[in-house]
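Quick one: the structure is below, and I'll ask about it shortly.
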Amino acid sequence: MNGTEDTRFPRWRAASLLRNRAFLTVLIVALVWIVAAFAKPGFGSYGHLRYLLELAAVIGLVAIGQTYVVIAGGIDLSVGAIVTVSAVGVPLVALSGDSSGAFAVIAILAAATGIGLLNGLGVAYLRIHPMIMTLAMATFLQGVLILIAGGTAISAQNPLLAWLGNARIIGIPAGVILWTIVSAAALAVLHATPFGARLFALGANPLASALSGVNVQRTTMAVYAVSGLTAGLAGVLVLGMNGQGYVGIGDPYLLASIAAVVLGGTSILGGSGSYAGTIPGAILLVTITALITVVNASAGWRSILFGSLILLLLLLSGRESQRR
Amino acid sequence: SEADAAAKCIKGDRKAPYTLGWANIYSVPTWMKQTEGTIAAEVEELKKQGLVDKLVITDAQGDANVQIQQIQSMIDADVDAILLIAGSSTAPARVIADACAKGIAIINFDSLVDTDQVTAKINTDSNEWGDTAAKWLINELGGKGKILVLNGPAGISVSDDRRKGANAALAANPGIEILAETNTAYNVAPAQEAVTSLLFAHPEIDGILSLGGALSAGAILAMDKQGRPMVPITGENARQFLELWKDKSLKSWATMQPNWLGGFAAYTAVQALEGKDVPAFVKVPLPVIDNSNIDGYLARAKDFPADGYIFSPYDEKLFGELLAAK
Amino acid sequence: MSNLAPTHEDRLYWPVQRQRNRSLYGLFVVVAAFVALYAYLFPGLLSVAGISKFAQSWLPLALVSMAQAILMLTGGISLAIGATVSLGAVIAATTMMGPLGVPGGIAAVAFSGLGIGALCGVIAIRLRLPAIIVTLAASFIIAGLALLILPRPGGAIPGWFSDLLAGNTPAALILLILAALLWKLYLATPLGLSLYAAGENPVGAYRAGVPVDTARIAAYALSGLLSTLAGLFIAAQTGSGDPVIGNAFTLNSIAAAVLGGVGFLGGRGTMRGAIAGSLLLSVMINVMFFLGFPPVAQYVAQGLIIIGAVALPEITRRFRRAR
Amino acid sequence: MTLQPIIAARGVSRSFFGNPVLQDVSIALLPGRIHALLGENGAGKSTLINLLSGALAPDGGEIAIDGKVLRKLTPSEARRAGIAVVQQELSLTSELSIAENIGLGAFPRRFGLVDYATLARKARAVCALVGLDENLSTPVGDLPLGRRQMVEIAKALFREPRVLVLDEPTSSLSAHEADTLTKLLHRLRQAGTAILYISHRLNEVMRLCDYVTVLKDGKVTADRSLQGVDAAGLVRLMVGRDPGDLFPKWTPGKDCPTIVSVAGFSCGLLRDIDLDIRRGEILGIGGLVGQGQEDLLLGLYGALPASARQAAFNGTQSLPASVSKANALGLAYVPADRKREGLHLIHSIAWNMMLPHFGHASPLRLRDRAGERELARQLADRLSIKGDLTRQVQALSGGNQQKVALAKWMPSDPPILLLNDPTRGVDVETKREIYVLLRRFAAEGKAIVLSSSDTPELVHLCDRVAVMREGGIARMIEHRELSEEAIVAAAMGAEPARSAA
């Protein structure tokens, strides 16, 4: 009665694609783009879609860490503040000898990772609920921002940032390329390494994970550190794209990152999901935002339309599977 | 004694040196930080004169409810004056009335409250802002053209007032067609995103009526990235915008909400407490930046944060003149 | 143990209540310490007027924390609390001066809250959609509605009504106690107790005959009601309506509930904890003012206090173990 | 017999995602009869009772209550008809008190409110029936597993059922508690209650039941009176062939060096315990439910903070400070509460089997998917876990879940196994396999600590049994003195006069 390969590990079937949230979200993005392109001339132009991807890259980068954290059973409410700290901070750490700006960027990324580590420390060792820990961290960072806001920026622009913000490689914006590379790495780590498996373990059942020898504390620290890092990276990118950072630049990315994660099919309860869904989730969000912008209606109606669209797309992309 | 007290809320029973309270709505944005700078500078000045001994600052973190709570605390602590940037144009009305009844001088500036239970309101005129901006743009376009209108956040009085101010001029010029309007926070990134989408949707745009903050800078960055020709655009004194203006040789016009409104409010509070008569509403004339004086502003740029606002110069003499003007 | 008088034996309610306080003593101590510090810094607190004014600033946050906690107990969450508060305020400020009058206005606010809450609940639960994103979408829709009703701050509340609720009366405190008592009453109904079961173990609860879906949808409706009532109170307190007044309440309500020990996965926590959490958040603002903290220190201290309040039990536990 | 069945299923079938789990099954429950439902893990027993209690709807066939066929049975209808189920997987709410859990879904009311006084009175009465003497206001989350099981039973009795269905009620109960339950069931039988009893402990079934229905692969293979059937006969009915002995032959271990030794060990309930664990032996841990057995295992495993005057672990002179350290020292732990502590229910079978590997492998090395599959396949074959290994573990029957919880430790081949009721809810065939496996491990020189609520298991499998009582070791019984009576006596504190101290 030994199981053959097929009964033990059934062959992949095309039909199962239709139950895959990530794939469904991709379909929906495509659908929205096509419909919008017909409804609003100019919306579907190559340049515009490319621009949307560039915007999605920022959300997408923030959402890498957010996806990790959510899969591991937590949530990170400090990503918006970290994006701001990073975008405002790069010019402040610029050194005179650092002509490329690489040092400043690396220093800021290290700082962002450090902030994430602190989050992880609180969650793992002080057993503070992630929402509380990261919310408190965001508040704390606001204090830091008051200190550094308006600090005279020596040079907001450095070559590395300018390149990130403006360069196109074979027509593809550097930001999108950065996003692609980091996404590939993120996906690989999540699905092809023991570390990734630990995240899924942690989110589904931390107690059983601990009893199975998963070092829950260290994994938690690492997860929040990754979230800090990707938020920091997003801050650097957004700084490049805007030419200048300002206090508050990261604010929109908190809810956007969470929405992208959940729209992409990752369970907010932790333990299941994939960054593969978050990617189209992020694109979907910027697309809807752009769509709402070009609709001529009062602010109230636009807000209602935006909410209704999200709800509608959520209905299409599928339901939370029953748990427990 | 009461007879000496000229200004509203002032009972004349408070003696120098005074304690001033600044009930800020949100101290994180750079504009606020610069404003705080002018208040602190003015308070230093007043301390030297022996008129003020303490400045307490609260930060409501953007929450109008928390601001009410903090104003209540200021009343409880019996400060002598409250400087107020209101988080909502209606919400603090009742708590302010309480403060006023206690003889606390209330100087409301920048974001105003719809109540007259204050010692003085200090502000530029948002309606006039919208009106002047619209007229400049219409004039620039020769009364004909397709434009975008960029507004601040929805549901906020200031952005609503500026937009309303523009109405009359726009209605009088049927040749001006509004292609689309947006509401975004007064920030570069959201404005840039919105304008980019609008540029794709509307291939022909002749002008942009931008009503404040960093919206104009966002719009210009959006056009620049797409390689679109620059169009006439209105704006504010954000350093980034002024630099882009010069850089791209724009046709522009800008005005400002001077940060020294804060310092002025502190000055006014002390004047009122000292028994001087202060007008219930001090209308600060809108400084105008155009090609004639932009270089003067940019020359001082390095004194201001990169994401800050280059405001016109001020001194106590100017404050005195503004208070004297009826 | 069987020789005790039967009347005594049948006492169950209060022992159960005492058990629920167990995990909260740490928080209670922290909150009490802050209230004491506040009273020390501002002795005027210990007067009817002082208490009244403080309760007025605390009540809206307490109500929204209750609104959030109810949902979190069932395993749900709402990101639409803030928008719903705004909508409540806007409806109150636009109806009460009109033909409906104050009673009509209160009814309109209450029904809109119940209705909107129930609708969110039905969508999230019957369609099995993740609550967090359903309520995020709902927050945009509700905020849009508020903007349509009142595009900019305005409207008005009859002066006498404002004075009654938010003048120099302890009305806010009485309302808060009333809300707590009504909650206790609700928890003493079978539907109310089902909240916990529906939150922690919905399948088991369903098999035990608990109306799981009804309990959850009722929780959403109650949550909407509490949110719009908070908006109503704010409208009375401010004498007007503001379509964005409630924005900050979404995150604050979650913070208060989690601070009060309400768990994210459902079935964990108590309402008294959530209320204590909201009290801490609220009293902290005043304490920091009276300590004369500058804004930078306000942010840093706020972060540290929140973390400290939650971490304290864990730290003391480790400390005790280490000895 | 002309009695009318209170509830009967006629020709019901049910499938999940196209897999038939029950096919054309009929069963009738008569008042005053204890009806056994037997079958291997995954045979469909729990599914059948879910149909009888309205928790699931059958795909075909009909269910009749008091002779009346119902179109659709919902849980609340079933409850009103007097059907109460003690679920296999506990369905309690940990934050609510014992009394509130017992009343949940059937609260006595007054003016629309829960009538706490009546609830307390009635809850106390049913608690007395099942021998539960905890304070009624205690949150259920504070109770050990065995106590929670009693609450679950009390909850069913609270509804004063005409039909009582018990799905493996004794799987986490010790002999003493199981005895209480037996007496209770006899009393209910006398009162005319129809009882459906599911258990993998066949001696229990033999002792208790009057009638049996056997399921095999979702079909009824026997439906008959138990008169004249012996245990072997029962097994034959279930597996369709002659059973061997349940327990492998015990052979004394040669030369057993101590691998773990603690002195003055304290942890949780435990106070000052001395214990040696030897290679090549199975050390049983017995006693009434909740006397510190679990704390002992978890303390040794580094999962609970523990202290000891002296400790030697596989060559190290200290207690493992964390689970990873314990794993590194060669310890592995299989928990009793597989749902909460053992398994990741939403993940696949194969994934669950790999978890300890994920825990200690270097974090960023690429996973070897093919190797993982191969290993999972081998483990599944070894423990006869059938079918698709990409299924979520929560779709497995209880016993098969237990096998997965055990299987995941096998690849790392740990020399010290800490097992907490590893055969809880496992069918006889698998039990036999597990026993053989455990003896083989012992023969290979591993040390096995086996905490069990199944006394025969302790008697026949173990080399020594430590009987725990109130956080201490009441008595260490050597193999030659092992008997069920000795264990129960030690557990109850009735130390025989000729104490082996």
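The letters A, B, C and D name the chains in turn, as written, and every chain counts its residues from 1.
The rule is simple: a contact is a pair of C-beta atoms (placed from the backbone, for glycine too) under 8 Å apart; a residue touches a chain by one contact, two chains touch by 3 or more.
The shown structure was predicted, so the numbers you read here are calculated from the model rather than taken from an experiment.
S.K.: Farthest from subunit A in C-alpha centre terms, which chain would that be?
M.R.: Of all the other chains, the one whose centre lies farthest from subunit A is D.
S.K.: Just curious, how far off is subunit C from subunit B if you go by their C-alpha centres, in Å?
M.R.: 35
S.K.: How big is the gap, in whole Å, between where the Cα atoms of subunit A centre and where those of subunit D centre?
M.R.: Whole-Å distance between the two chain centres: 43.
S.K.: Could you grab the centroid distance between subunit B and subunit D? Build each centroid from C-alpha atoms only and quote it in angstrom.
M.R.: Whole-Å distance between the two chain centres: 71.
S.K.: Find the geometric centre of each of subunit A and subunit C from their Cα atoms only, then give the gap between the two centres in Å, rounded to an integer.
M.R.: 30
S.K.: Can you tell me which residues of subunit A touch two or more of the remaining chains?
M.R.: 142, 146, 299-300, 302-303, 324
S.K.: Would you give the residues of subunit D that are in contact with at least 2 other chains, written as numbers and ranges?
M.R.: Expected reply: no residues.
S.K.: Two or more other chains touching the same residue: where does that happen in subunit B?
M.R.: Those would be 27, 61, 154-155.
S.K.: Which chain pairs here would you call touching?
M.R.: Every touching chain pair, ordered by label, is A-B, A-C, A-D, B-C, C-D.
S.K.: Could you pull out which subunit B residues touch subunit A in their complex?
M.R.: 27-30, 33-34, 61, 154-155, 180-183, 185, 187-190, 192-194, 196-198, 200-203, 214, 221, 225-226, 240, 302, 305-308
S.K.: For the complex, give me every residue of subunit D touching subunit C.
M.R.: It comes out as residues 50, 53, 55, 75-76, 79, 85, 87, 89-97, 99-100, 104-107, 109, 112-114, 116-117, 119-121, 123-124, 133, 135-139, 155, 305.
S.K.: Which of the residues in subunit B come into contact with subunit C in the complex?
M.R.: Contact set of subunit B toward subunit C: 24, 27, 56-59, 61-66, 68-70, 72-74, 76-77, 88-94, 114, 153-157, 160.
S.K.: Which residues, counting only subunit C, touch subunit D once they are in their complex?
M.R.: 1, 6, 9-13, 15-16, 18-20, 185, 188-190, 193-194, 196-197, 200-201, 203-210, 267-269, 321
S.K.: Inside the complex, what are the residues of subunit A that reach subunit C?
M.R.: Residues in contact with subunit C: 77, 122, 126-129, 131-133, 135-137, 139-140, 142-144, 146-147, 255, 258-259, 262-263, 267-269, 298-308, 310-311, 314-315, 319-320, 322, 324.
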